[in-house]
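Some notes on the structure that comes next.
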Amino acid sequence: MSAIVAQDVSKYYGDYPALRDVSFTVEPGACLAMLGRNGAGKTTLLKILAGLSAPAKGTVAIFGKPPRDGEARRTIGVLGHGIAVYDELSAFENLRLFGELYGLADPRKAAAEWLERTGLERAGDGLVREFSRGMRQRLAVARAFLHSPRVLLLDEPFTALDDRAIAVLQTLLRQALADGRTIVMSTHQLREALELATEVGLINRGRLAFRGERTQAMLDDPGWIYRHYGEA
Amino acid sequence: MRERFMILFSGFAAVLLVRNLYVMLVKLPDEAAQGAIFRIIFFHVPAAWTAFLGFFAAFVCSILYLAKRNLRYDAVSMAATEVGLAFAAGNLISGMIWGRIIWGIWWTWDPRLTSMLICWLLYAGYLMLRRAVEEPSQRARISAVLSIFAFVDVPIVFFSIKWWRTQHPQPVVWGGGAMDSSYWNMLFLNWVPLILIAVVLILIRLRQEEAQREIDAVRRWAHAL
Amino acid sequence: MPGFLRDSLTIAAKDLRSELRTKEALNASVSFSLVILLLFSFAFDPSADQTREFSGGLLWLVFAFAGALILNRSFARELPNDCLDALIASPISGAALFAGKAAANFLLLLAVEAVSLPVFGVFYNIRWWDQFWQLAGVLALGTWAMTVIGTMFSALTVNLRLRELMLPTLVYPVMIPALMSAIQLTTHLVGGQPLGGDVLVWLRLLVAFDIIFTALALSLVETVLVG
């Protein structure tokens, strides 16, 4: 069974067609890098895949289930633009909260474990409000990975990360791929994303303009895709 | 086709109104206690009934929208609420005029008028909410939920205000209960043209909405080029 | 523990922990209630007897206005850092999210009322505790009515620009039957009479309001948040 199947997905914001008839499939264990200019529709697409937004037309299936389905939600991890953790709570409290919401058997243990894996074990009791930007980003990553999701949806994950956070995220993503998880990430940061990606897609003005394997040529010349399939 | 209905309804409404006005002014005798102004009741009361029909239609269409997600239901909901509000305003204003003439005061906290005022505020809130949401399907969804809440609240409001006034009586605008059967007949007979007018107004509003959606669709198509 | 209850408690605990740590809304609400009580006593300068006649009205206006400060933030507090998206994407049901937030709001509102009531007694020289337990019951029922409507409409307007401006206009008309019932019952109880006879109609109305709108909110909140 495919990890993600999108069929004729369309979305309008008022007059504006954010997505038009986008169809693609992602097999388990793949890492799809979704490229596209600002406003192309990448964030909209990810929100629909995550079940945060309903498409005007078309369907999405995550391992055969709609994204809003309870079981599907348990298997999806989302890292959006916002860090999605509470400023007034501590790092540990935040992770424990999401552990409880995702029905983990031992939320405290999972929280402690993920604080370690993201290098935040000594800041566990600090309020997020006092964290540096890089620490906040790492906590956001911990939150997204906490419940061992089979599918990870990441919206421009490398944007505005400091070097340490980038390293942590890359390690975790490689580990996730080695574990057979599926990743879809939208990105501007061509280099970091293309290194991890096994497949590439390009959204241009709401349409899926390109979809294929990530080649060495792309890695050598990341702008190639835009020149061939992007806007003139 | 729809044009024809609108003209038909309007024509029929006009004829009926003229006939009713004639009967009201010429044939029916003045009511004992209230005199000539009593005739305002034949617009005041059916206006309220029409308003509630509008709100009920909005309620049903809101539920249908949430079930089927067809924006047509949302359009009818909105049109019915707007027209309902207009008739509610008619009810309130005619009640105030009547109260002024009979009692010398503009507002008497009469239970029916008070309840209608609250309903008017509820549904004015609906229109205000719609104005604050730009995206059509989000607007439809949120205002549908509000419409459902508002309509469920309507009977509760009426009951609570009525009980309040039973406990703390005040001058009542019109004294309910015992009315001559000829008056009841006229009430219902005057309700018919009001309903027809309401339907025509809703159809006009719907046509405006459809034109707007066509414009939006063309804009979308232009954006896509 | 069944999922719904467990999830609601998780959310309620989170909201309470958040609020108690900063106390922003709580402080603002308590201050506002004290200010209103003060202002009313200047504006109307009532005797104790006069106050007894409108005690319910005064108290519930205070609770409704001060309570709005807490209720309006209910879902808005999820907006910074995009936390609302994370909650919606998680397995928790919309109903459980709503129930948890409503429970937290309920407790916070009761806290504000617990402070306002003695202050009211002192400022206006009123002995309000003769029917204490019945009064507590009415306070709970009335506060739940405010909570359900306020929390629901907070969800309804969470993504809208003009949220703060619109909430009062939307919320208060819907709450009128509940406020009216609570006012009648409270005036009666503060006057020292136990509930009975005609006044019981108000109690039934308040309970019916609570049940109907809680059911309505629980069933519609998911549609409002996700759609």
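Labels for the chains are A, B and C, by order of writing; each one numbers its residues from 1.
The criterion applied here is as follows: a residue touches a chain if its C-beta (ideal position, glycine included) is under 8 Å from a C-beta of that chain, and two chains touch if they have at least 3 such contacts.
If you're wondering where the values come from, they're calculated on a predicted model, not measured in any experiment.
The chains in contact with subunit A as well as with subunit C are B.
Of all chains, B has its CA centroid at the greatest distance from the CA centroid of subunit A. Counting C-beta pairs in contact, the pair that comes out ahead of the other among B-C and A-B is B-C. Separation between the centroids of subunit A and subunit C, computed from CA atoms only, is 39 Å.
Taking each chain's centre as the average of its CA atoms, subunit B and subunit C sit 32 Å apart.
With centres taken as mean Cα positions, subunit B sits 50 Å from subunit A. In subunit B, the residues that touch at least two other chains are 137.
Of all residues in subunit C, those that touch two or more other chains are 227. Shared contact sites, meaning residues of subunit A that touch two or more other chains, fall at 54. Subunit B makes touch with subunit A in their complex at residues 134-137, 216, 219-220, 223-224. Interface residues of subunit C, counted against subunit A in their complex, comprise 3, 6-7, 10, 14, 17-18, 21-22, 80-83, 85-93, 226-227. Residues 66, 118, 121-122, 125, 128-129, 132-133, 137-138, 141-142, 145-146, 148-150, 152-153, 156-157, 159-161, 163-164, 167 of subunit B are the ones that touch subunit C when the two sit in their complex. Those residues of subunit A whose C-beta lies close enough to touch subunit C in the complex are 47, 50-52, 54, 68, 70, 73-74, 76, 78, 80-89, 93, 97-98, 100-103, 127, 143.
Taken in their complex, subunit C has these residues touching subunit B: 152, 156-157, 159-162, 166, 169-170, 173-174, 176-177, 180-181, 184, 198, 201-202, 205, 208-209, 212-213, 216, 220, 223-224, 227.
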